[in-house]
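Following are the structures in question.
Here chain A shows up in two complexes: once beside chain B, once beside chain C.
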Partner chain A sequence: MSTTAPARLPRTVLRLHRTALIVWSAFVAGLIGWLVWLNEITVDAVRAAEAECSRALWGCVDIIEHLDYSGPTGYIGTLTCYGFLAVAAFTGGALIGRELESGTARLAWTQGVTPARWLAAKLIVPALVLTAGCAALVLAFRRGWAANRDLMGDHWAFADVFVARGPATVAYALCALAVGTLTALLLRRALPALAVSVATMGLLNVVLERCRARLWPAETRTAPKPFELPDDAWRLEWGRTGTGHYATYHPASHFWPLHLVETGIVLAVAALATAAAFAVLRRRTA
Partner chain B sequence: MTAAPTLPAAPAGRPDHPHRPPRQLRWLLRLHRPAVLVWTAFVLVTGAALLWLGGPLTDASAAAWKEYNACAFAERCSYDQDAIVRYKDVYSYTTIALLAAPFLVAAWAGGSLTGRETESGTARLAWTQGVTPARWLAARLALPAVLVAVSTGLLVHLHRLAWTAGEGRIDTAKPWYDFATFYANGTVPVALALAGLCAGALEGLLLRRSLAALTTATVVLGGLWATVHTALPHLWPTVTRVSSLRNGPSGTGITTGEGVLTADGDRLTAPCSSGMIPGCRTELADLGAVNFYRDVHPVAHYWPLQLTASGVLLAVAALLVLAAFRVLRLRTAGPAGKGGPA
Partner chain C sequence: MTDPAIEATALGKRFGRRGAWALRDCSLRLPAGRVCAVVGPNGAGKSTLLALAAGLLAPTEGTVAVLGTDPASARPRVGFVDQGKPLYPQLTVAETLRMGADLNPGRWDADTAGRVVAGGDLDPGKRIRSLSGGQRTRVALALALGKRPELLLLDEPMADLDPLARHELMGVLMGQAAGHGTTIVMSSHVVAELEDSCDHLLLIGGGRVRLAGEIDDLLAAHTRVTAPARTDLAPHEVVESRTTGRQLSALIRPAGPLPGDWRTGAPSLEELVLSYLRNPEAPALAPAPAHDTTEAAA
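Here is the complex of A and B:
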């Protein structure tokens, strides 16, 4: 029994949560498919409209068709970024909270599966699935977002675009998994755990979003005359001093340092929450 | 104390016993005390933020805009940039919170109100304690409906007050037809919250699983809102604004279509948008266009649109309630129910 249980455990987790697995796969595949559609089909229609209006003498200023491309691309970024809220809800509610509430977790622990191993399987399998899905989403979004910059009106510093273009998406999903697990172990009831983990992750995201610009030293430029920053700079503060003009900003090259520092913080929270979850579990089952 | 609601009820038998309905409600409030507390906190915090937004924040932001506009392009200029940013932040946070409220209601109604009790079987237990299933469901719908309608109504009213306070004083204030502002200022969130409550109650009874009902109710409400949003511009006849070829199409509001009119009154797609540009002028002349037109909902259509959309949502909510009672009757008619009325 004890030799087969560890091997069966991941399969049990997958089978028990197959609905969630199907929904997640559909979400990832749907968003990637939508991106491909936008960049293969929609973009041609937009370019055709552009060509149509540039044939005329007066040229094009703003074409309404751009919105058909930029709007959905923006939605995909938003969904990619905030998908971790659904992960928190699933983990707090269905993955851990439900089993603790109904007592099936206790039943599993009597069947040759130690509580720590049970929790490890419950965390590793979803973590792998989430990492794979998020990585695919991020890679697809990075390509889609960069493919037709002239059609887009957004900026790399937008809250959702910032997260969706790198490993922070994966980090937030893993953190939601860990935080959901911890709250579920603490509350041992599915619905409260669901609500608290979503609220906690939302709060963490809002706090980090507000501190984001300070995660890497910004650059300051001063000049006696008014000046323009490049379009891809993230302008933080600007105005006049006694002697001239100043602006503090993050150039586009700061994206990776900023992004990786935030990823590190989120992963650290995830690690702490995981450690705390195992500690709580050990104390509960001791 | 906890047994009090059930004991005197059992011998009474008939459902029109004067004591039972208030006891049902008290029981319901007690059972969902955490949810009531969380919801109260949510309403208080959002309401306080909206009052703060409409009062001090609007004044500070308006003063900053005044300073900013007064300096024009002057060499030395100072204005309170933070006040402007703070107003924008609090405005968007409160608007998002208000628009998320119906989803919270739907999730709670699906997960907790009916889904949990049908999953765990406490609903069946309640039905054996002198509470008829219909009465059980009626109490579960009526009291939350009143609380939800009153509290979302209050939030919407405060949002409207806060938005009106900034109108014309804050240069970057959202226009009335901005998607989020349009909804948050009117009655639609109240109707959405009620529809969410009914959708959640129905899903809980149908699926008899708490988490599944929570998810489905939220998705259903999202779909319902998306449908209403798509249908919204067509819920009330638009006004056609006709403008000269020189000026280009005019009229602001919710636009449903624009183009050019020919002398015969035909509507054609506009190849370009201003007769001031020579190339455009010739192309418009080739088409035989005499005017630009634009179909819009002006600000006067705000309430007709809001009330029609709310009415549609309330009708959907009523249908969901009917369906919920029907599902409940089918479910409970099983062993002994059918014999009763015959």
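Here is the complex of A and C:
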């Protein structure tokens, strides 16, 4: 008897969460499509309007830019960054929580697969889908964000822009998956697991956001006279000392070290939560 | 000698660190090939025992062996139908069966599963969420039978079936037991529905085994007696006794020959079970594991 034939667990997971897969694909495709539209169609109209305005006596430029171009680009960054909250809600509520609450997890565990393999499939399949989707979003956002800097009023150190421009987006999504799984396994009810996972991920994000500037040593400049920092510097502290002026700041080149340290921390939390989830499952079932 | 279907030694399960014991000090040995009824009042620990055997719960103390190995290793050979018949509501009947095929590679018997579903006139394209309770039971049983289990654990399987479907599905189960030697363990609190189909009984109360053995042996071990009031029933073990007027009627386990002036009768299974349920203090009759060394004829 070919009991060694592998169970087609990934296919089952995809079939069970078809709707979520469709919604996620539409989300990713929609945001990327919106970015393309902004940078292929809208931007020309904005530039034309800008040319029109510059002939007028007073400027109307900033408002048009904001409404039509930089505003939507900012929204896309916000959605890309905070998408992990939806991932936490989905994982805690639907992916794992509902299964444990309604007993369908027990149905799966009494088929030919062990609970650990079931959980592994429940994590790996969404992890791959999330990684692919987030990677596409990040690449698109990076291009869109950099394409017309003169029309944008934001800064690389803005909370959402900072996350959305690199792998931290993927890390947050994976961490939300792991944290949602762990809370669902601990609480075993969908709605509380949903609430707690979203709250936990929100808290983790707020804490890291507050510590963000300290994740890499900042630079300090002192001078006897007042001075200006470059526009792309992230100014942290400034003022006068007895002998002159000082400013602590992160130059634009600190984006990657800061970003990667934060990504590493988030991934470490994800790994811990995953290990804890498997430990909880192993303790509970035979 | 084949392995027993279930063998538990001092098995106990407590939910939470300070929770009450759902099952305590439970030792039993269920030979393979039997159809075993697990009866007991609500909250007696029936579902806990079945979930432990299915490997869904880890025991707090003691051990349970299933088909000669631990429940985790026996998983592919054990079918389980949960009390609430959980199924994925978003799948159709056909997709549910396809999931059974996907998750039980090398064992899945599509014909059997399809036949059980077809018996209920179910549209395979219908979503599970739109099915009635009885129809869901049918799909859950199809999923459990499709994996061709050597041991089938059913928690209150017939509770929401109409009499016709109950009769038909009971027939399917008995056919499975007779045709493939499948051991079936089913819990119920309707004793009458078990009497014809089961040959082994496990009565659980208060988280402990109160009565275990072949139904015929258990019935033979007990006698219903009627004697004058105030008769001393010792040395026989008294399960239940009641005095009405000048008469004492009791259910006892005779320890030797009974006096000639007692009127005696054989109890029915229902009487036996009810007597034990009404009297939680009655001495348990759970034979030592050595009791059941005879092999099933099948």
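A few comments on the model shown:
Throughout what follows, the second predicted complex is superposed on the first by the 265 of 286 C-alpha atoms of A that agree within 3 Å, B and C clash if a C-alpha of one lies under 4 Å from a C-alpha of the other, contacts with A are read in each partner's own complex, and residues count from 1 in each chain.
The criterion applied here is as follows: a residue touches a chain if its C-beta (ideal position, glycine included) is under 8 Å from a C-beta of that chain, and two chains touch if they have at least 3 such contacts.
Please read all numbers here as calculations on a predicted model, not as lab measurements.
Once the two complexes are laid over each other on the shared chain, residue contacts for A:P167 go to neither chain B nor chain C. Looking at the shared chain after the overlay, A:G180 reaches neither chain B nor chain C. Of the two partner chains, neither chain B nor chain C is touched by A:G133. Of the two partner chains, chain B is the only one touched by A:C53; chain C is not.
Between chain B and chain C, more residues of chain A are touched by C. When both complexes are overlaid on chain A, the residue A:R240 reaches chain B alone and has no touch with chain C. In the superposition on chain A, contact is made by A:A94 with chain B only, not with chain C. With both structures placed on the common chain, the touch criterion links A:G103 to chain C but leaves chain B unconnected. By the touch criterion stated above, A:T114 is placed in contact with chain C alone, chain B being left untouched. Of the two partner chains placed by superposition, A:G83 touches none, neither chain B nor chain C.
In the superposition on chain A, the residues of chain A contacted by chain B and by chain C overlap at 19. Of all residues in chain A, only 19, 53, 56-58, 93-94, 98, 190-192, 194-195, 237, 239-240 touch chain B in the complex they form. Of all residues in chain B, those touching chain A in their complex are 34, 38, 75-78, 81, 111-112, 116, 210-212, 214, 271-272, 277-280, 283. Chain A contributes residues 1-9, 11-12, 15-16, 18-19, 102-104, 106-114, 283-286 to its touches with chain C in the complex.
Residues of chain C touching chain A in their complex: 51-52, 54-59, 70-72, 75-76, 78-80, 82, 84, 86-88, 90-91, 95, 98-100, 102-107, 140, 143-144, 147.
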